[in-house]
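Per-chain residue numbering starts at 1, and chain names A, B, C and D are given in the order in which the chains are listed.
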């Protein structure tokens, strides 16, 4: 049993690494199965196969979850930790499906996808990224506020320019906000765009100002991450 | 009354902070109300509710404005300051609405949205951003000129290539300018694009050159801000 | 006449600065006039007004050009310099229009827009930008080659995936190249996009790889410019 | 014959450089010919001309390949090297075309485009880029995983919001993934976009979060490359 404990908790042991890779492959396969389930016009045989694969996955994940609780020094600390809750949410939807009718099941099944977050459990990237996000916390929040104000003001502006010309597309400030988002992020689906001269000139100025603002948070994240990475490298003497 | 003065002017006191948060929530709610008003097919009861909520907001903002003038050491300095004028513009449209007919009201109501700028009154981000913008002032202006020239020359170019093939879409240099903007910012709504081979090759070269130019001001802002942030951190010994 | 010479050649004198601003305003106005001329359904009176304004502009520009030659120490050096040729090209189309029939005139008139380049004659931005471009010369050329290869390979790839499904849109490698350009620059007009599963998966990988490559030259320009600016600041002791 | 060996293997000799430029021009011309072949409605005479040009190109490339094997000190090392295999793949499709029927020929002909990679044989950019990619290897892989998770979770999210409203466009998680890709890369073709309010709000948050993540790998590549370039410059004492 000491070996089993080692496999579950010690990622650095040979068998621990193997077990981790096995769990990760199972997560990816269960997500692929989940995605296939959403395909329309599935055969009943396929649907049945996917169900039994899901039963298999949940069994493994449940056993893993229980063993993690047992082998943990402070079980409640694990249960209430971020990954403990992810492990729980990854199996919950399956067990809930017995007590609930099929309609509400659909909403709960979505929790299954949080299994994907188990993929980065031992990933150093997440820790570094978390650190970078904490370092640039203040600046990022401030810029999100400025971005929010910019999006709102541009929505108000375009509403006043375009509402009369396109009353159905720019029907309210809320639909104009959709335009703000798709324009300032430069996605530009083409479902909503200004047609009046005033609206086009307004778009011009909003884009010139907006591009210089909306890309700043991304730059700050990258810069903070770059610094964190450098620091980590220095520490490890690389 | 010394307490009231403290609440209004001292953001660092416990009650001052509470009052500030209350005002900020009220601003956001009044902007939400403003946005809901633009929805078509509103019920009369909703419209009436929104009106009375607006009356409530303006009352609070007016009291706040008057108290700020009274408690200010140099009242005129506050009145003529940026935030003093924002505070005034935030309540002006409501009082104007009594003296004006309903048609012209619509234009004035838009000033209400400037309330949003009150949200960043005590925000250090705006000061840092202002500093960053001042630091990179010269470079940003120069690049805006180059961007302007690039947009204009590309509009002229595409006009000559596409005007004959699409006389309605590329009807003049002005409509071609709209294409320049939506293309060089990579928004690409899809309402206007070249169809001739010459126009497509021209777009290719303009994009290759343009992307290297139009993203530079954004990079300069981010770089200047990053320096300002570093400087601030050094000062505060963080 | 010494004063006139001073006005033309010495940008730092009071009158020289005034003259320069006057010329710059005239350039912008003549470009606006040029743009208005492209509007369809112009009245004859407007067209006539624009013509006489053009005559006025060209007269001023011609006098300026001749005076610059006269007052120049080495006339031929000025005539063959970049700005000397811009000054010549800015007036050439007008004089050519007398000797040529109206059809070919249209092609020549486009040279008038090069007047816009006169706007940056004394602009330090252009010099810095030129220096930055020279500094990062090698890297930019190399990345343009890589970008070219990427665009070509993605055009070939999408052609093989989509040609059968959309023989009209992806009719040849050349039309596929148009898709490559509009996709990898993230413009995405929506006039041409993959519909097969293979094509979509291919687009996914091309975008993941491409975004990491196509934005690099822009980053190199910004970085080189940032260094040039720093160097200039140090020199001037700012 | 020593001269011939010199021409083939010594890029720094005068004739070696000439030969290299000749080969590079031939590669570009053969790729242009390949592209022209894909044009629909080609005349038989053009098709015949292109075929004989291809025969000419392949002859030269074959002679070059054989000479490179002969003059190489370790022939097998060359044959199994990256460029050796590119040289082989560049001529293979032509010789295969004799033994195969016309249908399967089409698939093999695509290998001809790998000739383009011969263009960067002596290019230092590729080496630097390779070095930069190796330096930022760990970070890039980690961020590709995070990008993958983000794309998948946003596909799941939009599927739940839009599937009922647009059952044909968001028919499964796989078609939703296509939306994720075109949205988060900000391409935004406009063939698929959310129409429900929930879906639009979800898109808003995904874009705000996503833009700060998806641009990070590009930034890391640029940063790593910039460092590699600096290092190279120091080494060469530039």
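In this text, a residue touches a chain if its C-beta (ideal position, glycine included) is under 8 Å from a C-beta of that chain, and two chains touch if they have at least 3 such contacts.
Keep in mind it's a predicted model, so treat the numbers as computed, not measured.
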Reference interface A-B: repeating pair among A-C, B-C or B-D with over half of contacts shared: B-C
Same-site or different-site touching of chain A by its copy chain D, using the half cut: different
Relative orientation of copies chain C and chain D, as a Cα rotation angle in degrees, nearest 5: 90
Of all other chains, the one whose Cα centre sits farthest from chain C: A
Distance between the centres, which are taken as Cα means, of chain D and chain A, whole angstrom: 30
For chain B paired with chain D, centre-to-centre distance based on mean C-alpha positions, whole Å: 42
Shared interface positions of chain C, touching two or more other chains: 174, 186-190, 215, 219
Of chain A, residues touching chain D in the complex: 31, 34-35, 38-40, 110, 113, 116-117, 119-120, 123-126, 128-129, 140, 144, 147, 174, 177-178, 181-182, 185-191, 214-215, 217-219, 221-222, 225-226, 229
Residues of chain B that touch chain C when the two form their complex: 139, 142-143, 145-146, 149, 152-153, 156, 159-160, 163, 167, 171-174, 183, 186-190, 193, 197, 200, 203-204, 207-208, 211-213, 215-216, 219-220, 223
Contacting residues of chain A [partner chain C, same complex]: 186, 188-190
